[in-house]
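All chains are identified by letter, namely A, B, C, D, E and F, in their written order; residue positions are counted from 1 within each chain.
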Amino acid sequence: MALAVENLSVARGGLPLLAGVHFRVAAGQALILRGPNGSGKTTLLRSIAGLQKPTSGRVECAEDAIAYAAHSDGLKSNLTVSENLAFWADVFGNDDISPALEGFDLKSLSDRPAHALSAGQKRRLGLARLLVTGRPIWVLDEPTVSLDQTFVAMFADVVKSHLAGGGSALIATHIDLGIEAETLDISVFKTDPTADLGAFDEAFL
Amino acid sequence: MALAVENLSVARGGLPLLAGVHFRVAAGQALILRGPNGSGKTTLLRSIAGLQKPTSGRVECAEDAIAYAAHSDGLKSNLTVSENLAFWADVFGNDDISPALEGFDLKSLSDRPAHALSAGQKRRLGLARLLVTGRPIWVLDEPTVSLDQTFVAMFADVVKSHLAGGGSALIATHIDLGIEAETLDISVFKTDPTADLGAFDEAFL
Amino acid sequence: MASIWQYANPAKFMRLSDTLLPWVSLAAALCLVGGLIWGFFFTPDDFRQGSTVKIIYLHVPAALMAINIWFMMLVASLAWFIRRQHISALAAKAAAPIGAVMTVIALLTGAIWGEPMWGTWWVWDPRLTSFLILFLFYLGYIALWEAIENPETASDLTAILCLVGSVFAVLSRYAVNFWNQGLHQGASVMRAGAIAGDTEERVSNVFAAPLFMCIAGFGLLFVALILMRTSTEIRKRRAAALMARERMS
Amino acid sequence: MMPDLGKYAGTVLSAYGASIILIVGLVWLSVRAAKKSKKALDKLEQNDG
Amino acid sequence: MRALLRRDLTLAFRSGGGFGLGLAFFLIVAILVPFAVGPENALLSKIAAGILWLGALLACLLSLDRIFALDWEDGTLDLLATAPVPLEMVCAAKALAHWLTTGLPLTLAAPVLGILLSLPPEGYVWLIASLLLGTPALSVIGTFGAALTVGIKRGGLLLSLLVLPLYVPTLIFGAEVARRGAEGLTVTTPLALMSGVSLAVIAVLPFVSALVLRVNLR
Amino acid sequence: MRALLRRDLTLAFRSGGGFGLGLAFFLIVAILVPFAVGPENALLSKIAAGILWLGALLACLLSLDRIFALDWEDGTLDLLATAPVPLEMVCAAKALAHWLTTGLPLTLAAPVLGILLSLPPEGYVWLIASLLLGTPALSVIGTFGAALTVGIKRGGLLLSLLVLPLYVPTLIFGAEVARRGAEGLTVTTPLALMSGVSLAVIAVLPFVSALVLRVNLR
């Protein structure tokens, strides 16, 4: 099992959002998270990626196996496309960025500084970063924002070949990606807001 | 005719992108702009909103009639939702923000500081700003990014009632909004990159 | 006898504070008013400093409190790290403004005192200088609390700042001492307690009794204020939690 | 009743005045904040029922 | 433009940043100077007036990049440019808000710091007067500099570099007033000159800033 | 962590911001001081060593918020935290990059500015020595402050407020070395003390900064 989430509860701004979240993603499989705006997808993914402490529960996966990508792509606008990728490749101990450039059709833009990219091109560069991490589990938050249909399809291809190579993916999205995968609607884990605050001890938070 | 664009050419970073763009949007009508990533939609919309100078051509519309909304919503993260809206209402000389709050279902969030909103909620607040401007022509760049289906529908309703009230809208998007409107694919106006640079005089820009 | 940590439970703490507060406040008011009236009206003038000695009843207690409150914050910060009970962090937060005000009182009364004694409001004497630096630490600490939204993050970061700041405060004290040798009185309150004060440099007996009363008054005032302010912080947290829940439903 | 403060009257009185204002101000602010928080919390808990 | 002014002041107070921290910086410069040049009162009282002016100027300078940068980053400026308000008014409102949250508090704090640096007693009146007349010019010039560097990521230091030479006349006349005041000399000439500079700058620069802003937004 | 260091240096050069502008600020402070305190050489040469130290410190301070803020805003820090590099190394690399782009150039520029402020000839060696030993401490302490205020919008001035009291020991010893050097006195004690502070700070604070960063990213 590549990634197993058990009984996870997450909060944001001191507010419990989701409770008892549990699912498993096997190697070679993807899981699509859905849920209306504000339901806690971003919060959940950050907790799984280890960027935020869950209030309870466990995330089980191999150490250093997760590559996380959110809205902010960690791009430096003064560096060129290939310099940006090369930096992340270096941090993750890789040195070949050409598969990443090809995967998202960035070859022709590789010498362009990142600030001279359009919204969709930036997004592609951000996604290309995933390929240089060499990590098996992708945790993606609305990865196709700003992409047109062609590139959504290209992204789906990249994900499919990642899965075919034994990787796995956890993707929060509002649109249909064209990837064959289970879908999980996280609104079923919504906490009951009318729950009692408890005996007013440490629960005042 | 609410908005008429004639023979407009736009450039970005010194590179001509589109040439000879022409279309008209009548009062009560909307026009959807499509085009692959990097084709110049953002650049075109900024030119029409007057934020960038076109290299040639004309944009005809009544003065102070355009409300522009792009990816950055001009929200102050320290102000609450209603304070943010009230500020813009004040700038545009309105004083009633409740239709805007209702239009995008923000009533329950109205006392929340903007930084405590999720991606989709921020976007709704950004769009609600359009309603307080009181301006007839909306120029929108990918307005539904991060919105879930429910809110895309809600946005479509708002646009429809804006059109029914005699307004008009120009919307660049990659998805299907469910608004009855003409669609214009701007890739037909793409400049020919092999075109001669001309007599190498003013054309070096 | 249960451990004192049971009062780290907010509800128990509030109950304790509610019962203690009136008594502590009363004692603080009695000591403070009594000590100050005694000192102001019923002690003779110093033969050298004239009536300005009366300032000592404010200056010395405030100065002592200023340092001790920082020390208390340091202990509370350590407790927060070790036990992670929010009361510790909140108590440190509640204490900081009191400490800052005490520092200001010490600085102000000192400056006012310095004018007739040294002929200037301010000199860069090591003691005075380190107080000024202490004031900066208080300001930074309070500002950091204000600036961070997430309460848990704020507790952690301010606690770290308090620890690192303490080390640097001690370091600054030595640096400042090295940089300038001072004019200020040596610490003699403690000696005055031990050896009956007789030398003119020491606080003599006539002044000692009301001075100790004032010191006790300031101390009790601090206890009363910290009980009240910590409870306030707890209530604010709980209100925030309730409000958040309400908004969700 | 007022003791004779001699030529330092201004000095001593201003020191007392300033300190007392600061202390009273601190106490007043603390009490006000306490009252405010109590009221807000009571209201919220009432709503909770 | 009351809306903009009100919002800027609210933001300055609420973010706990704009307001108060300029003051803190001023305080800290005044405190560090004795550590740097040594604790002798005679030396300090000689340089006090100048250092206070310089400190106020630097504190002012540091908060300049807040004037437009935040509004630029989150797109507010783009939207303001398409709103029915003249950009000249926007610039003037911004400069006023900046002065109210930095220049004015700095002026009020200067006498307290004068004590720390043993400023001679005669100096206080003229120090305050010169700051009161000079800091508005600093805010207006700073707004101009901020308009020039808007859109440059972390342009803070570039901004300082651009603005500092423009601050020189105000600094020279202002510090001269404060210094002469402290030494008990007459101050009319530098005071008149400084007021002249301030008035001219306040009358003209908001228009230039608006022009610059327009270019930058294009 | 060579990758991070290399990237930070590239960015500092390319954005034209980090590098050079700290220097420019230093230059400008040195230039403005005579305007502020008056042009007498005797007075200037007395305060020169101290002012140069203070100027270097302020220039250093102003560039602190670049250390983490940009990486925070564009999400790089989040990604670095999930990358296979210890955050302690990240903090150390950041501090080193900051020192290479500010502390070192400032040290090299100080003698030139010494001429402007008529620093006595004996002072140069000790000014450079003290800056060379002291500025690394400034960078490391600054990194700690930057880690504390990361995520606070425009935390620049709060950062100054937090960091300045922490700079006091370094400033006192450093300026003392430079001042005594300029007066031809022996400097061994303050020099030893300053080196001690620097070493201790460099050895310990990167770990604390990493802790702080972890809390902030949580």
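Simple rule for what comes next: a residue touches a chain if its C-beta (ideal position, glycine included) is under 8 Å from a C-beta of that chain, and two chains touch if they have at least 3 such contacts.
Protein names from UniProt, one per chain: A, B = Cytochrome c biogenesis ATP-binding export protein CcmA; C = Heme exporter protein C; D = Heme exporter protein D; E, F = Heme exporter protein B.
The structure presented is a predicted model; accordingly, all values stated were derived computationally and were not measured.
The minimum number of touch steps linking chain D (Heme exporter protein D) to chain E (Heme exporter protein B) comes to 2. Placing every chain at the mean of its C-alpha atoms, the farthest one from chain A is found to be D. The interface with the largest number of contacting C-beta pairs joins chains E-F. Taking the mean of the C-alpha atoms as each chain's centre, chain E (Heme exporter protein B) and chain F (Heme exporter protein B) sit 24 Å apart.
Rounded to whole angstrom, the centroid-to-centroid distance between chain A and chain B, based on C-alpha atoms, equals 28 Å. One inter-chain figure worth recording: chain C (Heme exporter protein C) and chain E (Heme exporter protein B) are separated by 35 Å, centre to centre, where each centre is the mean of the chain's CA atoms. One simple way to say how far apart two chains are is to compare their mean CA positions; for chain C (Heme exporter protein C) and chain D (Heme exporter protein D) this gives 16 Å.
Multi-chain contact residues of chain C (Heme exporter protein C) (touching two or more other chains) are listed as 133, 136, 139, 143, 147, 149, 179, 238, 242, 246. Looking at chain E (Heme exporter protein B), residues 15-17, 21, 24, 28, 35, 38, 70, 153 sit in touch with two or more other chains. Among the residues of chain A, those touching two or more other chains are numbered 13, 71, 77-78.
Across the complex, chain B meets chain E (Heme exporter protein B) through its residues 49-53, 64, 66-68, 70-79, 83, 87-88, 90-93, 129, 133. On the chain A side of its complex with chain B, the touching residues are 13, 35-38, 42, 71, 116-121, 124, 142, 145-151, 174-175. Residues 1, 3-9, 11-12, 14-16, 18-19, 22-23, 25-27, 30-31, 33-34, 37-38, 40-41, 44-45, 47-48 of chain D (Heme exporter protein D) are the ones that touch chain C (Heme exporter protein C) when the two sit in their complex. Taken together, the chain F (Heme exporter protein B) residues at the contact with chain A in this complex read 2-4, 7, 10-11, 14-15, 70-71, 73-76, 78-85, 217-218. Remark: chain F (Heme exporter protein B) residues 15-17, 21-22, 24-25, 28-29, 32-33, 35-38, 43, 46-47, 50-51, 53-54, 57-58, 62-63, 65-66, 69-70, 152-158, 160-161, 164-165, 167-168, 171-172, 175, 179 touch chain E (Heme exporter protein B) in the complex.
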